[in-house]
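My structure is below; once you've seen it, I'll send some questions.
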Amino acid sequence: MIKVGIIGATGYAGAELVRILQNHKEAQIVWYGSRSYIDKKYSSVYQNMFKLVENLCQDDNLEELAKQVDVIFTATPQGYLAGILTEDILSQVKVIDLSADYRIKDVATYEKWYGIEHKSPQFIEEAVYGLCEINRDKIDKDTRLIANPGCYTTCSILTAYPLVKEGLIDVDTLIVDAASGTSGAGRGAKVPNLFCEVNESFKAYGVASHRHTPEIEEQLGYAANREVTINFTPHLVPMNRGILATEYATLKRKADGSLPTYEEVKAVYDKYYGQEYFIRVLEKGVLPETKWVEGSNYVDINFVIDERTGRIIMLGAIDNLVKGAAGQAVQNMNLMFGCKEQEGLNLVPCFP
Amino acid sequence: MIKVGIIGATGYAGAELVRILQNHKEAQIVWYGSRSYIDKKYSSVYQNMFKLVENLCQDDNLEELAKQVDVIFTATPQGYLAGILTEDILSQVKVIDLSADYRIKDVATYEKWYGIEHKSPQFIEEAVYGLCEINRDKIDKDTRLIANPGCYTTCSILTAYPLVKEGLIDVDTLIVDAASGTSGAGRGAKVPNLFCEVNESFKAYGVASHRHTPEIEEQLGYAANREVTINFTPHLVPMNRGILATEYATLKRKADGSLPTYEEVKAVYDKYYGQEYFIRVLEKGVLPETKWVEGSNYVDINFVIDERTGRIIMLGAIDNLVKGAAGQAVQNMNLMFGCKEQEGLNLVPCFP
Amino acid sequence: MIKVGIIGATGYAGAELVRILQNHKEAQIVWYGSRSYIDKKYSSVYQNMFKLVENLCQDDNLEELAKQVDVIFTATPQGYLAGILTEDILSQVKVIDLSADYRIKDVATYEKWYGIEHKSPQFIEEAVYGLCEINRDKIDKDTRLIANPGCYTTCSILTAYPLVKEGLIDVDTLIVDAASGTSGAGRGAKVPNLFCEVNESFKAYGVASHRHTPEIEEQLGYAANREVTINFTPHLVPMNRGILATEYATLKRKADGSLPTYEEVKAVYDKYYGQEYFIRVLEKGVLPETKWVEGSNYVDINFVIDERTGRIIMLGAIDNLVKGAAGQAVQNMNLMFGCKEQEGLNLVPCFP
Amino acid sequence: MIKVGIIGATGYAGAELVRILQNHKEAQIVWYGSRSYIDKKYSSVYQNMFKLVENLCQDDNLEELAKQVDVIFTATPQGYLAGILTEDILSQVKVIDLSADYRIKDVATYEKWYGIEHKSPQFIEEAVYGLCEINRDKIDKDTRLIANPGCYTTCSILTAYPLVKEGLIDVDTLIVDAASGTSGAGRGAKVPNLFCEVNESFKAYGVASHRHTPEIEEQLGYAANREVTINFTPHLVPMNRGILATEYATLKRKADGSLPTYEEVKAVYDKYYGQEYFIRVLEKGVLPETKWVEGSNYVDINFVIDERTGRIIMLGAIDNLVKGAAGQAVQNMNLMFGCKEQEGLNLVPCFP
């Protein structure tokens, strides 16, 4: 049995880890870290867990926790883990970080976009960017530190990845327009996240400045084998869960000047995702909708070629709390501990 | 492996059966009946099932189906099953009916409230009212026909049952005020169920005339050992899932004129529900909220005694599609086939 | 031109005052009081007012304000106005208080339910409870202080008032079950009011303890000419605006033992409301829905007689921010200043 | 008094016309056309109008109607008006068509995108595209036929228009990503528009094929003085009202290779919109949100320059039923009849 500790167990991502791990046969949570609710029953904070979780919330003592568990999930604010992680801890316990601290390889880029100093850059090199479908072969029993990808980034990257990798699109034209349910904003008590402020409205935010931009650029840059600069625009949707990415790029024309056909593009998606359990490339003409992946670890993807403009529109949908956070974190844990990759993640999307 | 056929698999309750049975270890759906979508892929109707269900929808041939499966779930309009059920079918297959056809023992009452003639009253006597926590001992391998309780009724009855049974309240004063998410209205294409009609509004409907009234009255009548007549008022909430029942009744005073104490009432709830896995009597002061049971088979219950008026306010919450329909139907199937009662129903409530 | 000052202009009720007064021909807001946003543009807090309101938010200096305006609306927390109101202020300016400070005539009752000491009980007697349809003849140019009714209370009282007044129901059996949109919870940044906490859920709160209870009891007590004790249970609906009250009471039988007829009850409603512009007693069989009054000052009312139980179910719907707060406050202002009662309140309900 | 007839008065756009015209001082509706509800009280279909509108719904007799009114609004399906409009009718009455029948000057384009034959192409030339802020000088007392712009198109065009007109952006790079509330889908009883299907989900639709595409292209083509081909992608938001357009284009660099500055772009917006009452170019850094224009005729616009990619992101928000349909139609009526352009349209955005 894998002993699990969670730091930040009372945020939405932390709570989703708790929900998912309830049905994981090889893991057991033994530490529900929550600075805000120390010594309170976890189920008094999340009443859905009444009778299911009897534990009290505990403080965030990472050093102590490292001695008691096999893996720590940190669902904490940016900079938190970077500020306290040590070689001593990493030598005792695996860490899966749901924050952005080790996602970006270039420290200067991290510090610029996040506006904070990185306190432990020495671990960045070692950290594996845990986008399992792309980096699966880098994650195994020797992996000590996973940088679990962001929610928008998971969706944005996976939606475009095969076409970038295979050079079908001009990456300089790539635009990612995305929208997320409100759980992505976290459980902090802020006026803009109040029901009446979010409900019955739709808005963009972080235009040309959202922190997931450099993360998408870096990963797609590896695929393209060159530097990638994109526009990424997130929007807030009055719903709890779900991210949809709508991505635009100019298709490279073939030697004869024609555009790639539907079948040619589909074949490229199938090449990369045909065997992937969690990625569903939809049938022709069926577009992703966030409701069809809600509560599950699936990524639903499809595309439309616009002959008029020569562009391809790629669309991807995930549940931001599952594949965009806790589900992918568990998927990474499974890879790190040699469990079946799907263990605990046979979550059937719940509709309506 | 229990072979399962569903008639009405493309309604919301039918779709929830499909979702739940995906993770049931001893049952397998082999017939997805849907008159509206014959020969279409089930997953083209419910895209969440893409890659999970490969079957096509089939017609509703009950006779043919009876030969192929061990149990049939009918998630069909009122009167449908009563019109086609025969002894021949029942001799071959178990039937769990999610409609109201066999819930009410008195045919005249059924015909009056539902406004249709009952075509097979000969099976009413045999049918077991499948409210598992109350009628568990009547459901076993010999049971052929289950009348699966209604959504409002499940919640309304279980919330008040112990106090009615033990005679703590004056049942003549019982008022059930309840509210449901919109999935309870089904997937029919009707103007009142359109997004813009339901969203941003709250209304009562079926006041003094809702069909679940006689069902609640009959069942609480058995508990009270006398005839019970109540007011039941349903409301429509702009949300997908969930039912909350708020029930009012005058507490019977003790010999000394005092009201029963919190502890005395709590003890009565615990007597009936203390060992029930799916019923969670909450801690003092914690009120049920539908979000805490969403996606699960739980019933969350609590109560408040109002010393000023001498009334008790009892509150119960369920997910109308799970404990109020498909979950309870699977629970009944488990009892009928000798499976573990929780099999397939370890559904952790999903929040947010 | 009536010069208006608002204290608490950046709460939801304050903002609704601003919206309504935009189209009031005889009033003009000159002071937008908001302690939290002093010196910020009002339209930077409520962007809907961009280009419509150029003013900056100002501090809450009641003494200074009294010199500058003809009427002050206080949309402030309980106890605020009671703590600062003086005879000197009242001698200079009219005050319409949207808080509960002067609603309840019995100080002990106020202090018990609100848990705070009342700092200026000397003004309670003078304050007029501003439920215009009932107390219109007490509100005129000499009125100095209006206690503007609560949102739940406005709806609850008006829905039952004629039947209580005329003695058609047994008030000891009256139960008020009500539900409100989330704007009723205010704009404070609290976790329970976050989008993800409210959305997709329904709950009761303040069961047997909500502060609007004694306010309803007092007013209905005046109508009944006796002490009234009721159960009042509020619920939270995942929508922005709207209150629906569903009220239950046993009808008094006539001398011959029969219940009053629909026509008899309707005649009583018409007697009190037939001439009221803002109260719409709906046609037989049409139930109130909050969406039909949204954005307007209307109260929609109807009832159903249940012959089976001898009870009447009365239903009323309002927009909590309009008739339940700012609209009624403006209606009171109109009465106090001799304007046409509807001035500024010809708000057509906005649907969808 | 302008006598108004509405054909399609019981659709959402028709109902919004009714709402708006309630407070129009110079117009009066005398004909509520609704084929589905002939002889039913209009207020029984839209209960918000109870006591405000006493009229019955009438059939769609355009010829008869032409004799009785001064202007007809047609809020009808595509092809309806084109099928019945005659010179005789137009010689008697002004027509403001909310459908697409006369929006597109090129018949072949119309027929291709709408998939229907145009039955009265002889009126296309005469019809004025009623985007008031751009075509105001073409609309006056002699105008007989207005093609009222589409909802997405109004928002999409106005958001980009000044930069296209002034040549600041490369129109070949223009991408319009937009999202709409569900009222845009109309009041037809279709499964995809049911509450449970729309709620808690976000999806794109009509990708590379939505009918508003050629309308945007044609109008921006006039501004650019060249042919324009764009990508337009609409999305469905689980809310009632509101459209947000997020538009991307590459900025043309200045002679020195630098991008235009914020101030330079702002000056261009101000040149076109500085005097426009209904267009609000927001302050620097403030992004449009649909909630801030809800219920009003405003268009809120702003932009962000991304130095990294050389693109500008333009954002615009409207209420799809007001500026996107009924409000703009009334604005056109005001211009056609010489009323004040704002008459009836001083609608303060309603929040929350």
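To keep things simple, chains are lettered A, B, C and D as they appear, and every chain counts its residues starting from 1.
Quick note on the criterion: contacts are C-beta pairs under 8 Å (C-beta built on N, C-alpha and C of every residue); 3 or more make two chains touch, one makes a residue touch a chain.
These figures come from a predicted structure and were not determined experimentally.
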item: Chains touching both subunit A and subunit D; value: B, C
item: Contact distance in steps, from subunit B to subunit C; value: 1
item: Distance from the mean Cα position of subunit D to that of subunit C, given in whole angstrom; value: 37
item: Centroid distance [mean C-alpha coordinates] between subunit D and subunit B, Å; value: 46
item: Residues within subunit D bordering two or more other chains; value: 12, 183, 196-197, 199-200, 238-241, 289, 291, 294, 352
item: Interfacial residue positions of subunit B with respect to subunit D in the complex; value: 12, 182-183, 187, 189-191, 193-200, 238-240
item: Subunit B residues touching subunit C - in the complex, by the definition given at the top; value: 173, 175, 177, 179, 181, 196-197, 199-205, 207-208, 229-231, 233, 235, 237-242, 244, 246, 248, 287-291, 294, 304-306, 308-309, 311, 313, 315, 317, 352
item: Subunit A - residues contacting subunit B, complex; value: 12, 15, 19, 22-23, 44, 46-52, 183, 200, 240-241, 280, 282-283, 286, 289, 291-296, 300, 346, 348-352
